[in-house]
Amino acid sequence: MAKQIKTIGVLTSGGDAPGMNAAIRAVVRKSLANGLKVKGIKKGYMGLLNEEIIDMDRRSVSDIIQRGGTILGTARCMEFTTPEGQAKGAEICRKHGIDGVIVIGGDGSYRGAQKLSQQGINTVGIPGTIDLDISCTDYTIGFDTAINTAMEAIDKIRDTSSSHERVSIVEVMGRHAGYIALWCSIANGADDILLPEKYDYNEQRIIDNIIDNRKKGKTHHIIVNAEGIGHSTSMARRIEAATGLETRASILGYMQRGGSPTCKDRVYASMMGCYAADILAAGKTNRVVGYRNGQFVDYDIDEALAMKKNINEYMYEIARIL
Amino acid sequence: MAKQIKTIGVLTSGGDAPGMNAAIRAVVRKSLANGLKVKGIKKGYMGLLNEEIIDMDRRSVSDIIQRGGTILGTARCMEFTTPEGQAKGAEICRKHGIDGVIVIGGDGSYRGAQKLSQQGINTVGIPGTIDLDISCTDYTIGFDTAINTAMEAIDKIRDTSSSHERVSIVEVMGRHAGYIALWCSIANGADDILLPEKYDYNEQRIIDNIIDNRKKGKTHHIIVNAEGIGHSTSMARRIEAATGLETRASILGYMQRGGSPTCKDRVYASMMGCYAADILAAGKTNRVVGYRNGQFVDYDIDEALAMKKNINEYMYEIARIL
Amino acid sequence: MAKQIKTIGVLTSGGDAPGMNAAIRAVVRKSLANGLKVKGIKKGYMGLLNEEIIDMDRRSVSDIIQRGGTILGTARCMEFTTPEGQAKGAEICRKHGIDGVIVIGGDGSYRGAQKLSQQGINTVGIPGTIDLDISCTDYTIGFDTAINTAMEAIDKIRDTSSSHERVSIVEVMGRHAGYIALWCSIANGADDILLPEKYDYNEQRIIDNIIDNRKKGKTHHIIVNAEGIGHSTSMARRIEAATGLETRASILGYMQRGGSPTCKDRVYASMMGCYAADILAAGKTNRVVGYRNGQFVDYDIDEALAMKKNINEYMYEIARIL
Amino acid sequence: MAKQIKTIGVLTSGGDAPGMNAAIRAVVRKSLANGLKVKGIKKGYMGLLNEEIIDMDRRSVSDIIQRGGTILGTARCMEFTTPEGQAKGAEICRKHGIDGVIVIGGDGSYRGAQKLSQQGINTVGIPGTIDLDISCTDYTIGFDTAINTAMEAIDKIRDTSSSHERVSIVEVMGRHAGYIALWCSIANGADDILLPEKYDYNEQRIIDNIIDNRKKGKTHHIIVNAEGIGHSTSMARRIEAATGLETRASILGYMQRGGSPTCKDRVYASMMGCYAADILAAGKTNRVVGYRNGQFVDYDIDEALAMKKNINEYMYEIARIL
């Protein structure tokens, strides 16, 4: 029989992502509407272990839906990867009367939620990462904002690249995942794209492509390079040497993690927050919310962590044809 | 046996939407990659009847993916709603060697495509409208840009509404559909929402809600009103009289139809353009592209026009709870 | 001999404007750096009369420089236009130990500051209004943000106007002043401009201009209309009737008053806040800060209120030629 | 007696800057209104020497005011720094009937204009550079757009910096000039600022400041570093080692040179373009347009190049106090 939940906690963990505040707000307000008490746990699992726990009401989350970052803060926490840390975390939950915890973050954060669930604290995960690299879901909080931020930056780089008839390499975020690079390469009409998921990196092919395009009269050349490939600066140097064309690298960096969330990130984060609040209230545990085939769903965390995700091949083909 | 397609035409019809240029670009480039010739038909069906038809190559669609509006122009055309107009349109296609036409627009535009198909010209429709009011698809080109434009405007209105402790009614587009209103009401944390799909409009309830919120200490009150409800200005007057609180209406208007498309609109419009180009090349006709359950699909236009679409009830509930 | 100032108050009054928070932040931090105590007076003169007065320290103004609106709130106050109200206001200042007040607002707000100064409370005004309609200064807080907001909206309207070959009338804010209209008409390449400062309004001339431009092949026609002229909707109806061309009006409305301030508004508001804090600390009273001939300066309020301001004729000529 | 001008040329030279297109448009249209013919010279002085010269009419500059970059292109040109190159340039002007040339660019571009003037071709310069590093003027085309682009990026970095309680070093453009850094440090409320104009770089002071702020409860620390100082990445490594706090560098890069120009950049570039067109039409030569003390003015190029410019000390003080 499902455990009855009276008080929940909410935390954000791992890298922050725009829309996390919308999710926190939804978790708090939907849980209150469901008749529960809500506590905010600051700075992820580290804050849990340090008992940085605050009471939250409707007003605690006023005027935050439009803000980047996370009002709860986030941090990485080695201690919580140990059995002792996990037991201590569950103990602190019990001490504060917290029956269930909603964890907003990525795969690493779900592993924490899994352990907490094993320790008797109900948990539900919400996918929050700009990288989209969570296998069980087609949507992660922050991705839509990040691709728009990167795209707008690349639009600007294209202006100056075109005026100077320059080759530009733009490195976008994504750690080991190339989703931001793939989307931007289509959205920005990039001439070349480099993804960690594709093992066909061939600098000579890029160089030939640049020379070929220049002959056809194209006045600029944009290469979108994923963080997982990296080395944009040295690549620029080699391409400049090989083509004789001015070549510059831009590494977009941390700006991609911030900013006021897009409409989609605010709305989907709100819906995922409500969904998570509802299933936690219903007594579910060790679950993670996902968006799959056009619907919000939930999976067992163990299953979710075992899933694999691949770059959409048709999308990758389109990125190279257009 | 499928008709062999050698030359296609592309046109935009009905209200314009950001992302239409991305779709045109994809149609042109993918069709060329598929070995076809491409012609652009200007100003929708009216331009077809006036033979405003131009040759298009890869360069014709350079540097347009980031632009709002449609480079082909669009117009309404009464003549094409008549059998004579439709026959004439098909005749002109044949005269120009156009075997198939891709039509980017809404339901009205599909009816034209349906008739053209009956006249022996293959047709494929792509959903392009900021209103999202096409039943066969979860995505329409321009909606994502429109909701972000509206949301950013409402964010700004909230700043001044809050400084003056004012009630603000913001009227967003959508003709008979409330999707823009629904998304913005969640994304902007609106206090009230009025949708044409919901017949429970009750001004006294809104007035009570305002007074109630004011007592709880909330310093502003945002009402998102859909165009299909309208009458924002007179509503503001009545609410001000009833509550004694300064109340102002803003009608966002045509700015919602323009602007550089968001990343999602650029990418999905590109994918839909490629998809349409591929099925037209494969000899399909009287089809419309859709995005359903997380996938790009296509439907028979007759079936597509017979479908119904409803506001997501869970989303509407969330809009009111949060 | 200059009165010695130990504690100052700061308030915002009249219509809010983006950048007011930057000015408040600068007033508070510079005054603290000058060794003074600072109190915030909420909701303008009304809040003063209601004794809504709070202590402010460095942290009170953290994380506000990027926000639209005013954290202190603003309101209109009839009572403070009476001698009794003014005497009461001065009395309340004395009760709270406030020796000097910095007032951020427009001409109406300066009149209040003038009266307060006559009652023995030192005062310094800072020009805050999106309308730029303060005679003693070339810069007012919020104008730069407002023109960018309006310009971006008109850019979007132009996209759709061009796709539909439509005539668009866009009404921008400015009450009796046409500065926003003038700047936007240049920045947006408008075809016609209507300003309250120019008495040559002639609808037939606009109609002729539209027909003339259409003959030259121009596919859209943008008219920027100032709020002080107004009547955009009926104008659109008449122009449509006279030209036979689809004509639409957009009234941009309150969004022009909000939004995160531009860099210029943040920087100049910060500098004006510091300047005001410094001259108040130095014992000056009945002064208003201005930006004139490329420098921050201050004027006696009586003189400032007597100044006149005119539309730059060369700018107006350029608006019509380009 | 002033030489009579019948045909002018216009070129952009050096680094591109948002607003250059607005200036080109104004030069073209005002010159046409002044009864002159106009030719566009592509890719700066290099294009002049290669005779890349095109006729321009009113329509050549339609729909460009809102675009970043320069439609004429720009390039660096060693040949034009030689007397032979300069004589050849003047000869080509004469061959094409060009009596006067308007050069949009920075100091280096003015030197070219100076030489061309000595060769008998009238010249007028317009200051175009995002760096603001031209001594004779308080305004340069592109600076306003660049500071807003940088500021918005830093706002986003602040979100994530705050969520992670991180130290962030943001490197902004400006070559040898610190103006972008100075403006952003005020606009973004930076905690430290490093300018090439100030020789007090002291890493220990920054480290002490970080530790001090952290003790006071500040959760993030933003350092704005000018390109002229550079070395942000190694600085981040040393600061992280010294403070034990996560420290990250972001180098904003080329995005600062592009993007749709702000309202101020569009308007001032338009006015400078008109001003330059007028003085060139009036027979002036070897002049450069400036904005000084709130007015558009012009200087002899020799004098302009001899002027010095300094960082505003009051502004620098404010940047450090606020």
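Each chain gets a letter, A, B, C and D, in the order it is written, and its residues are counted from 1.
Note that in this section a residue touches a chain if its C-beta (ideal position, glycine included) is under 8 Å from a C-beta of that chain, and two chains touch if they have at least 3 such contacts.
The structure presented is a predicted model; accordingly, all values stated were derived computationally and were not measured.
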Same or different: do the copies subunit B and subunit C touch each other through matching residue numbers, with over half of them shared?
-> same
Taking each chain's centre as the mean position of its Cα atoms, how many Å separate subunit C from subunit D?
-> 28
Please compute the C-alpha centroid of subunit A, do the same for subunit D, then give the distance between them in whole Å.
-> 36
Subunit B to subunit D, mean C-alpha position gap in Å, rounds to 40
Please set out, as single numbers or ranges, the residues of subunit C touching at least two other chains.
-> 155
Which of the chains touch, listed as pairs?
-> A-B, A-D, B-C, C-D
Using the touch definition up top, name the residues of subunit C that touch subunit B in the complex.
-> 12, 15-16, 18, 43, 67-70, 73-75, 149, 153-165, 168, 219, 248-259
Subunit B-touching residues of subunit A, taken from the complex the two chains share | 25-26, 29-30, 33, 59, 62-63, 65-66, 138, 144, 147-148, 151, 155, 183-184, 186-189, 217-218, 260, 262-264, 266-267, 270-271, 274, 292-295, 314-315, 318, 321-322
